[in-house]
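Notes for the one structure printed next.
Chain IDs A, B, C and D follow the sequence of writing; residue 1 opens each chain.
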């Protein structure tokens, strides 16, 4: 009985179904959705979001949040651009530098959150401004765009025989990695415990601080990776690259059924949500739905993603247990 | 005459039938005791009286008239004050505001009269005979202090009906005495009191009548004078309970836990103690003496400022819980909700959280492995739940405590620290826990037991260490340990150093 | 066209040389950002009538925030829809190149207007006014306003990355090098990000930091309006001169209360109109975008393709108290 | 004996905590004064009557938004839609004047406030009725309200010329604007301190479940908090229209992060339960001052964003340091 309830009210399932429906309906109703090119464009668009959403899922499950990801992406692009200008022409070197920088920026977030025990929401609002600002300090009004064109074509090159870019494979592999860690290892169990009750986690020998710190580092590095892809795909490093992407990522993660209060959610749901948003947006664009309407739809989806499950639960639960539903934010360490 | 009456009240949580057609009447000027096994339904009954749960069937009557409780507010309006089993304070608000929340004394234009509020708070705590700063935020209060604030909260509005769900679980002798004095005064003034507890001596000390619950049924109500503990226990558990404190003499092995000159600013200073294999050492003392803090520091949850902790001769890294566990240390903490359990997770997850690494195969951990491990221990401790996938938040207080025990016993520790291990646990399970502890000691585990219950301390311990205001003041061997010697030391008067 | 746009090149794609513009051409305007009044005018009041004149299918689409990545997504969509002509104002000179190239391979003609991309990624650029022309007029206007004694001037620009803005600013610097402007001294350039409030604060910041500031040039419609509003409400009104590129409707109030003596702009509607015709000419194979080719743009008359595929709309028009009431856009 | 110990301890504590409170507010004030002094020394014109006027005018809108946000944050919620509500209300005000040029100003103000309140009611209604996380819902409505705004404006722009001169001059005369802010601030501050329902907001934020058990109508209070926040955002929108005169659908985009930043910098706990509107208002003033001080200091425009980020981090760091001191004093006895 309880199993049934859990199964039915599991939001991931709903998202996956929604995705399938959108694809099916789109393919039938909208000319072009069925075409391979459509899926090429969709995948190119979701790659950066997916890359950042992977670690973000873990971060939010532990009850933290990182709003600075888009700025990390921007700063990475700027740095790569500047290095290129300074004559660093080896791609591997540039990528290595970018990832290193990303990890470093993540570490700064992690330090503020774990070292000084500050709420991550506040910290990363600060670094959101700081990192973006540094990107402007580095590049100012310049746009570095004289990369060798073959880099761009390499970044978006399709899998032989398909139209889907090969980067999707990278994303898939990373997703599998994150998925296993989160759902099938002791570490993952620790993350859920932290998200629900940090103090109990500490009493169980989970070093909450260290884990949180490394999660932020990972998020930084993955954002940097997204930054690398961004730079190469658009062949243009600018200070404002990826501006505002953080909301898109967080929207996807939440739509995927991850609880903003931590402790609940699955990676599968998040990936489905990322795809759902990308597909929906592109399909509706093809159907000449104006951007303004798209904005409204995105917002509504987000609201549905939290209202939906609760309504389902409410309908099922004949007995009122609301008084003991989980406390919204767990006690902040003070 | 009967003030508040329950008529055939039933309540179910999904699968679990928590209350079955319960009839109960609370009389003015009378304290009514309520006992029952863990999960018998006591707290559920309390929450229905509090308006926190709606009853599925049956009716509430106040002065013979039907009483509708849409929510806690209605219960308060009807003059029902409730002390819940788990403290429910606002950590950011001052003690005074916690006590008077949404009933603050007012002055002109319905503005809050802070001065009056503070004054009445101080007055309340003087009645309880404990010092407490009305302006101090509730955050950081020890469990005991929290419990005292809860009591003050209930006393604050002179209720016609006072319902207390194990209010004394966190308290020790003196506080309990004062609480009872106050409650008796309330009864004199004509209030009706419902008192839930697992401590029979308290029940008999306070209550005129006693009711017993079992599996959601109210099986009996008698005048306290006419029943014996043994009788009550039989009705609760449905069987004779074995010898209460079966501590077998174990051969004392080598020292496993050594604590040397441990200090933590603001909590305790210069604590040195040794626990040998096969030994059960009790750490007694008044509430707030600093026992839990010592335990936390030893286990590495808190960092200590001075001193060192050795397990089996090897020094533990300061503030490294993982290392402590690896070295074979285990701590069953005093606050199961905040420290012991992850409420939203399943019984299985909680029970295996401490040994998730050892359960993993090739670094991978499967739900199946967790459930299997959880089941074996769940059965051993008779955890009452809908199954390993049930969320612990749905378990009764005592059953939650059992899950915490399972969580740590399953790690097969060499040194086991238990902080109030039987707090809120029914007699049957209590005996079970005690048997477990002595069995572990028998198998050469070193046990350090923090407890506020003297009988437990005296019954179980090979040695009794006594703390007073953050210092170890006495080390009393079993032979010499008695009510007086321990209490004297605990209150800071002499005692063998 | 009902067939797969991906595989089939669209009607206009094959450059069969004709003499008249084909009917039923799909012409899509892709501004930097929808919800922007300037582009509303250029597209819906200029492009649309033009497309209707030659019986094409007009559409305007685009992101609600002015970012290159969002624009790329729309370019992809347009090329999938088998659009014949994409008329785009680039949010980034290079970032949208890849997408534009793919679109052209799929058979679309690409015309940039207002803000250009790399010449290699498009067929034509409709230049509202040559950088030289704008720079010259801006400097002339501020110099006239400030008066013969000259003094310190500053520039309030749009976003730090705006291609056209930066080109103009460079030109203004060279222009200032001329002897007749020796007395004018450019002290700084600040960025209002084409955000009203930010521009407003930047204007405020300029006056706080440069006590002797005599004039501000804001070559962006958002910036000049914000600056004008700040000046007109402050003690600097009339003491500090302002000019720039603005629309009559936005500036009317400030020209009338003498905050601004005069400002310049081309007619955005004409820009869109010309872009539409240029695109149609390309798609109909009348021109290919080579230097020297000529085509007729409806009521605007004959235009010639300049070097690297640029078509010049003309010199900016100067608005002042005398003529402003005769305009409404 | 225990008693005497504890008593002295508590006395120490009481003095300590009150002193800390003072410092807490003072910390931000100090930062503010420092900034102003330094800037003035470097650039005397910063504090001319005009300079002061600019500061006060500039901070009014953010301050009002911050007050509204505080009321919500105190209840362990957050309202990310504030920026969009402001935009909507600003454009509505403009359109109102376009539609009915002769309209008396108070009517416009009331209309804006009501519109905002309505938006707030939508947020609060969802959050209270369905018990869903405010961060997600308001992130959703952030998109939805903005989308509606876009669709409504559809590229139109409302210019200074379309609005009555009296209205615009109201937006640019210090006394009037500042008066709005001060009235709102003092009213909110006194209400939160001196009235039961005000204190209940703190209780809800401090421990929602306990609040429910204490018989506090959590749903109603939270709803009210969001209505207030919405209404203030509406008011801010009207003032925005009056001050900036030029209105399109983009008014106030991205403002939400500034507001949250102001609140956090102002020492309001992001996890609810503590903090004051005064702190938040000072935080708003501080951020605005930074905004206009940096140009006045001749800081390169490219450095400004970075500096803002750094200052936010510094501010929350300071606040944290004080909180830690308070906690330490608390651990010693009752």
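Some points to look at:
Note that a contact is a pair of C-beta atoms (placed from the backbone, for glycine too) under 8 Å apart; a residue touches a chain by one contact, two chains touch by 3 or more.
All values derive from a computational prediction rather than experimental measurement.
Shared contact partners of subunit A and subunit C comprise D.
Farthest chain from subunit A (centres taken as the mean of C-alpha atoms): B.
Counting C-beta pairs in contact, the chain pair with the largest number is A-D.
For the pair subunit B and subunit C, the distance between mean C-alpha positions equals 74 Å.
With centres taken as mean Cα positions, subunit D sits 29 Å from subunit A.
Mean C-alpha position of subunit B lies 43 Å from that of subunit D. Distance from the subunit C centre to the subunit D centre is 37 Å, each centre being the mean of its Cα atoms. The multi-chain contact residues of subunit C, meaning those touching 2 or more other chains, are 34-35, 64-65, 160, 191.
Residue positions 136, 140, 239, 244, 290-292, 295, 323-324, 331, 334 of subunit A are each in touch with at least two other chains. With touch defined as above, residues shared between interfaces to two or more other chains in subunit B number as follows: 52, 91, 139.
Of all possible chain pairs, those that touch are A-B, A-C, A-D, B-D, C-D. If you check the complex, the residues on subunit D that touch subunit C are 43, 45-46, 49-51, 54, 58, 146, 150, 153-157, 159-161, 168-169, 172, 244-246, 248-253, 291-292, 294-298, 301-302.
Residue ranges on subunit B touching subunit D, taken from their complex, read 50-52, 71-76, 84, 88-93, 97, 101-102, 104, 106, 110-112, 130-133, 135-137, 139-141, 145, 266-267, 288, 469, 492.
Of all residues in subunit A, only 67, 112, 116-119, 121-123, 125-134, 136-137, 140, 239, 244, 247, 250-251, 254, 259-261, 290-296, 298-303, 305-307, 310-311, 314, 322-325, 327-329, 331-332, 334 touch subunit D in the complex they form. Within the complex, the subunit A residues that touch subunit B are 1-3, 5, 180, 184-186, 188-190, 192-193, 196-197, 199-207, 263-264, 319-321, 323-324, 326, 331, 334. Touching subunit D in their complex are the following residues of subunit C: 34-37, 39-40, 44, 64-65, 160, 190-191, 195-197, 200-202, 204-209, 211, 222, 225-226, 229, 233-236, 249-250, 252-254.
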